[in-house]
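Labels for the chains are A, B, C and D, by order of writing; each one numbers its residues from 1.
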Amino acid sequence: MKRKVFATLDEAVADIPDGARIMFGGFGGAGFPNNLIQALARKGTRNITAISNNCGTRDGELGLMFKNNQIKHAIAAFPGPHANYFLERYAAKEVTLELVPQGILCERMRAAAAGLQGFYTTVGVGTEVAAGKEERVIEGQRCILEMPIHADFALIKAQKADELGNLTYRLAARNFNPIMAMAAKTTIAEVEEIVPVGAIDPEHVITPAIFVHRIVKAKGLRYA
Amino acid sequence: MKRKVFATLDEAVADIPDGARIMFGGFGGAGFPNNLIQALARKGTRNITAISNNCGTRDGELGLMFKNNQIKHAIAAFPGPHANYFLERYAAKEVTLELVPQGILCERMRAAAAGLQGFYTTVGVGTEVAAGKEERVIEGQRCILEMPIHADFALIKAQKADELGNLTYRLAARNFNPIMAMAAKTTIAEVEEIVPVGAIDPEHVITPAIFVHRIVKAKGLRYA
Amino acid sequence: MPDKPRLAREQIAQRAAQELTDGAYVNLGWGIPNLIADYLPAGITVYFHSENGILGMGRRAKPGEEDYDLVDAMKVPVTIIPGASFFHQADAHLMTRGGHLDAAVLGAFQVSEKGDLANWKIPGAKGTGNIGGAMDIAAGAKMLIVCMEHTTKDGSPKIVKECTYPLTALACVNTIVTDLAVMDVKPEGLLLREVAPGWTAEKVQAVTGAALHFKGHVREMSFV
Amino acid sequence: MPDKPRLAREQIAQRAAQELTDGAYVNLGWGIPNLIADYLPAGITVYFHSENGILGMGRRAKPGEEDYDLVDAMKVPVTIIPGASFFHQADAHLMTRGGHLDAAVLGAFQVSEKGDLANWKIPGAKGTGNIGGAMDIAAGAKMLIVCMEHTTKDGSPKIVKECTYPLTALACVNTIVTDLAVMDVKPEGLLLREVAPGWTAEKVQAVTGAALHFKGHVREMSFV
């Protein structure tokens, strides 16, 4: 069996190089891989393209990455009112932003996961989001072409992993995590609990092990 | 609360009109809504466009529909070696077929479910499947444009429903059923067991109730 | 004679709540819409949807009851009702964009007489603007209700011939509920359905930036 | 001197099994590939994927042990191993098409020297042909192995310069294992890696419809 369980957070992120494209799970304070983000801060990877719903909550979540100036480009749906460090860097033109409607952000990641090369949607037609995108009329509806969002790594948070990498999530902490797990080349999951292979009911697995490459146990960390 | 539980199979399909586009779940003998198919045979709906992985197994599954000449057009990935009645009708030009790669069949239904207007894929490029479809090169790869598959009804089979319509499936009987439930305007589920609202763990729901419009209890029926 | 007082935010929510029907699946946006759950007509059950993957949200959590893995799209700890389910963010937006919700209620900066919506960015304001799930919700909603104040704080109309703020989606709004009126977006323009107690159609028209259509006496809004 | 005997189907499967590595996620197609599970090298665990939504299939069910909700893509009752998971058919093909499987093994009617695959329809045969999951699998596999007899029953080459049968996918095959040889598809053409015991490169070339590249002595296939 491939050894997926890592002893430490730092080992789990040790090879993430400068310039990496990284997805970060989480929404509304729930399901953020905050322990892995701290490890990535210690590692000091720079020039990251970050794909995440938002851009940090004060010092927490991606806030730490922007505070340390580790991110050069963000792809996000809701940078957020408390993304202080991002907003400073953005105002100073030290970081660029692609703003994407949230469901389309999900679908673009899923397209990457599913080996699809692009899709048409009515979402964003006639808005700033459509700028520079191909537009066409399909079945009488104006649509724009949206492209897959790929990533080198996904840092996600799950509740439970078996040693093989099957994951379950708790309540609404699921959010973006299963999508990102499928979309990235290498998925690293911090989890509250690691159980033996076979301990999760196969019908209750939310993220099958095929999508999970590294697991590390860490007590969930939440920012207000 | 909307009343979704129907007393009989016949009532559950009573309004399916001639010419309806209907998705039918099931794969490999598992997860077929065979009781609903029998009810639809009794109802006698004709000129159906059937969307399903295969086209029946002898007298079973969609075999009954083809035997009765209720289907005029099939959209399928694997008509199957035992689709006797379909093959007879097809040879006699009483039924037409659109053959679709299985994963693309899933994605086209999912596109309909997700409100997407089409997608590009490398699957089928250079094959008969590409005939008549738009082709373009994206990021150096030849791709074809695939369109959503919508349906008026989905007939599916689940293991358990709560009275609100949340569903779970058993083992590999899940297959196409959750996709079709999301893709059709009206989804009718035959289930082995109906439990009170709240009896299914919200984290274990596979098909949320929003996708399920009618539920009817029937003992699962399998054809060899 | 001075104008009658305008309605409070809670009254706007209360009036909008009457548009919801028993068993409906509904998404509530930021601001006034988020107050609606407290004002549902007696005896009906509405299944509230949250874009982070919840169907069947209940009331907000009471002090001491908070679970920070169970938050709504505004990051507020909530509860769930029997029949709730959890799913990932892509499926959450499959529901919004795919037309599965019975209704969505959003706040707005501007709505045009054609039903164009602007609700994610104020021109000239600091920061980037926040799209979040609004574009997917607006594009996909079967019935989109906007709740907002009728005018800006300085008295400028928010209901206009053409939006001057960045758009969320074109021709998406069905009904507008403000502190002065209830209006429906119709092919011929804005139909004034009700006015706030003590207001007249003419007085509402005077603070509206687009023509309001009405015939004879316009009914007063009621809150039962 | 008469030709040495060709390998049995089981030996083709046995040799192909050696291409699989510990912990790999693998899809096995109809025919010879389906025999591979019985011949895995000792001490390795392979997680077999089935397009109907299983990861971690084990051996076939023994008589009396059959559960007809737990079948493989050939409709045969199977078992699962610890760490298995179930998911719906769209996610199953997200895995195939999205490049998540480490390897896929398919049967074939023809393979071209460029790695084009034809495996779903025999020209002139009755019926419609059956695509099933083959096109998604072929388009997405990171490593696609074909297992087949080297020639047709009447001795015609199945390895050809250009496929004359309806195509499954272009330039998708990486390795071909037959009853006579193991070949890799390389940019320069077909590289003959191994020949069946008692056969020579020249004798294999004589029954192959495309040029085989090799240098000096070609190793014999072994089965341990």
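Definition applied: contacts are C-beta pairs under 8 Å (C-beta built on N, C-alpha and C of every residue); 3 or more make two chains touch, one makes a residue touch a chain.
This is a predicted model, so every value here is computed, not measured.
Taken together, chain A and chain D share the touching chains B. Note on interfaces B-C and A-C: more C-beta pairs are in contact across A-C. Our note on geometry: chain C versus chain D, Cα centroid distance of 56 Å, whole angstroms. The geometric centre of chain B is 35 Å away from that of chain C, both derived from CA atoms. Computed centre separation for the pair chain B/chain D is 29 angstrom, with centres defined by C-alpha atoms.
Multi-chain contact residues of chain C (touching two or more other chains) are listed as 86-87, 93-94, 97, 139-140.
In chain A, the residues touching two or more other chains are 107, 110, 114-116, 121-122, 169-171, 202-203. Under the stated contact rule, the graph of chain-to-chain touches falls outside the line, ring, star and complete shapes. Chains that are in contact with each other form these pairs: A-B, A-C, A-D, B-C, B-D. Those residues of chain B that touch chain C in the shared complex are 1-2, 110, 112-116, 162, 164, 166, 182, 197-198, 202-203, 205, 208-211.
Across the complex, chain A meets chain C through its residues 27-31, 53, 77-81, 87, 90-91, 97, 99-104, 106-107, 109-110, 121-129, 169-179, 206, 222. Taken in their complex, chain A has these residues touching chain B: 107, 111, 114-122, 138-139, 141, 143, 147, 168-171, 202-204. Considering their complex, residues 22-23, 25, 45, 47, 49, 55-56, 80, 82-87, 91, 93-95, 97-101, 139-140 of chain C touch chain B. Those residues of chain C that touch chain A in the shared complex are 50-54, 67-75, 86-90, 92-94, 96-97, 116, 121, 126-136, 139-140, 166-170.
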